Amino acid sequence: MDSPHAYNRVAGHSVERLAALSDGIFGVGMTLLVLDLRVPESELVHDERGLAYALLAILPQGIMYLMSFATLGIFWVGQQTQLNHLDRSDRHLTWIHIAFLFGVTLLPFSTKLLAEYYHYRTALAAYWLNILFLGSMLYASWGYAFRNGLLKADVGAGTASAVCRRIIWAQSLYALGAALCLVDTRLSIAAIVAVQLYYVAAPGYRRAVGSPNP
Amino acid sequence: MDSPHAYNRVAGHSVERLAALSDGIFGVGMTLLVLDLRVPESELVHDERGLAYALLAILPQGIMYLMSFATLGIFWVGQQTQLNHLDRSDRHLTWIHIAFLFGVTLLPFSTKLLAEYYHYRTALAAYWLNILFLGSMLYASWGYAFRNGLLKADVGAGTASAVCRRIIWAQSLYALGAALCLVDTRLSIAAIVAVQLYYVAAPGYRRAVGSPNP
Amino acid sequence: MDSPHAYNRVAGHSVERLAALSDGIFGVGMTLLVLDLRVPESELVHDERGLAYALLAILPQGIMYLMSFATLGIFWVGQQTQLNHLDRSDRHLTWIHIAFLFGVTLLPFSTKLLAEYYHYRTALAAYWLNILFLGSMLYASWGYAFRNGLLKADVGAGTASAVCRRIIWAQSLYALGAALCLVDTRLSIAAIVAVQLYYVAAPGYRRAVGSPNP
Amino acid sequence: MDSPHAYNRVAGHSVERLAALSDGIFGVGMTLLVLDLRVPESELVHDERGLAYALLAILPQGIMYLMSFATLGIFWVGQQTQLNHLDRSDRHLTWIHIAFLFGVTLLPFSTKLLAEYYHYRTALAAYWLNILFLGSMLYASWGYAFRNGLLKADVGAGTASAVCRRIIWAQSLYALGAALCLVDTRLSIAAIVAVQLYYVAAPGYRRAVGSPNP
């Protein structure tokens, strides 16, 4: 009986609870930034046109919120996909996911930072480090689950490596986009948004799924 | 083996997780606006009557909060009904629902905007666009699920088209209500609230369900 | 085919989703008030004794937070008990519960109001109306579920009426406590807290459960 | 028929609901503190170097947030492990867990207090009392469940006592760390962080689990 590890062996096994905690944290994170969207001050608005202009003035903030929401959505789908394929968890895997969730709670902050300082490379670097951290944790958790036999029996080697390749591809594109800040930070942001839109829309996916010989 | 789509084919399949994320976001959204209900400043209140007046003064805000809560409730019931009839999800459907949830997080903002600027058509238009966006996403997700065979086997064509008709009816009534702002924005708000109350109360529903020959 | 009600007949059936939404709303509500607990300003604290006094100064707020948390806990247990005994829901029952949840989100506000104006009958009346509303909604939902055959098959008439009696008893005690404000509002608050503590502790419960002949 | 206890006997039985409420509260708690991380004021930042310095200036807050997140993570894993081994709950056990959750919502406050007043023993004592309260509630709930036969059938006496030992060990280490504040509060904080890191990393765990003769 390996006494000091007896507790650790029974800790953190529930994938469902991990999923529920994640959904709670993502749910709060996805609504936090909207708190920064302030209704225009009524002293400054005197007619319809004034209100329309005031709303246009907070549009950049709104777009930044949309971008943050989409980024959280991408990582939520990624994490959900991984958890779906887990047969069970263990305490190390649980902690890798908690680290991932820490990165999730920071994302609204890095997005706000980038929105305020979009012409600063430092802000872009901070945003990119956040994305990199999230990708690394997803990669680490998948690799750990694969090596320690925590995946479901029906997850073939094909799916297992597809997930890894996907993370590496996405992170390479993000890194490339971030590197463009050496030219211009706005170019860099545009590239990152383009990568994100690509992953949201996934063009060609339905055609591939619907094909008779998948 | 269609490699670039291998990941997409396993992503976003869990209806349960989508439901859990939605409940988290609705839960936060439904409590956010109450943060704006401020307890009256104690410097301004000197006796029972003063406190009663101070509470009356924030009643309009309270009613606006109730209206926002009811609207979120209507869309929560709508989305829950749809998810209940899904056999499974896929990545496109998941993203349509995430877009829907984005609209949900904006609703407290548009409600506040309308509360502050209830005599402005611009505010009413913004509120109506939010409602329209939510309805469109619900319609899109149901249509997508129907066309791609993601509905449960026991969902007959009757139920499928009842859901579509319901969304179109509700949205037509909302659009009609919004159009009344050409006359008076307050008339418009009253009409929208009346439509919402109708959908909350659903008069005649129990009688119909309880009838021997349904 | 009763067309206008076809949608209503399939809407709002999921007890699990209703429970998940409730847990989200209770979870947010139970943490909202702690945001009002402010760490003492460092300008006002110069030594250990100063910090201890500053913490003592926010103790009343802390106790009010504990009271609000306990009240939410009582109603969470009540609502959870009801939902556990539901076989299924329907759209009316779902809306009664959403109304209940509206009362839940107001509770942090009424508690803050009472904390700030504990010597005002108006504040006590507002707090009591909130409690009364919550109890009424629980009573309405249980009665509706009972009359319309939505309870699980193993819920005997004994349990069904025990739940009703419980709500009426608790509400009578709260009303009695609130009526004491005609003498002194502080007496009234003490009585309400005593009732709450009684329901939290439930003295004699374990002895009764553990007895050989229950 | 023991009438006054009839309600209590059916109340609070759902472990799943208790888990869902906990995940909601932990989820909100884990994101609350990030609200205090403020993006640097743009008036104070004039170039890349200025932004980098401004970010460095809020690094201590960031570390404190990480520490609070990790502490919540530790107690989340602990509570999740306990709930996983419960066969069912009853109303007393539910209330012990609600008390535990109360301590959880206070943790962001005590962490902020310690961050602001890290050189004050009073702040350290408050933080430690919070940790002690959480540990005590976990111990109480496990003991109660064990004594009243609420654990799952497959939980052997070995696991049952391993959980108790674990809590006592951890709390002893925390108490020892807190006692170091008699020398220096910073030494005390370092010791507590070291204990937390040890429990997060759990060195040697995988080796023990993966060994052929566990």
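Order of writing sets the chain letters: A, B, C and D. Residues in each chain are counted from 1.
The working rule: contacts are C-beta pairs under 8 Å (C-beta built on N, C-alpha and C of every residue); 3 or more make two chains touch, one makes a residue touch a chain.
Remember, predicted model here, so these are calculated numbers, not experimental data.
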item: Interface composition of copies chain A and chain D: same or different, split at half; value: different
item: Chain pair equivalent in interface to C-D, over half of contacts matched, among B-C, A-C or B-D; value: B-C
item: Distance from chain D to chain A - Cα centre to Cα centre, in angstrom; value: 25
item: Cα-centroid distance, chain B relative to chain D, in whole angstrom; value: 36
item: Residue list for chain B, restricted to those that touch at least two other chains; value: 20, 23-24, 27-28
item: Contacting residues of chain B [partner chain D, same complex]; value: 24, 27-28
item: Contact footprint of chain A on chain D as seen in their complex; value: 19-20, 23-24, 26-28, 30-31, 34-35, 37, 39, 42, 45, 48, 51-52, 55, 66, 69, 73, 76-78, 80-81, 83-85, 158-159, 162-163, 165-166, 200-202, 204-206, 208-211, 214
item: For the chain C and chain B complex, residues of the former touching the latter; value: 1-14, 17, 20-21, 23-25, 27-29, 32, 90-92, 94-95, 98, 101-102, 105-106, 108-109, 112-113, 116-117, 120-123, 126, 148
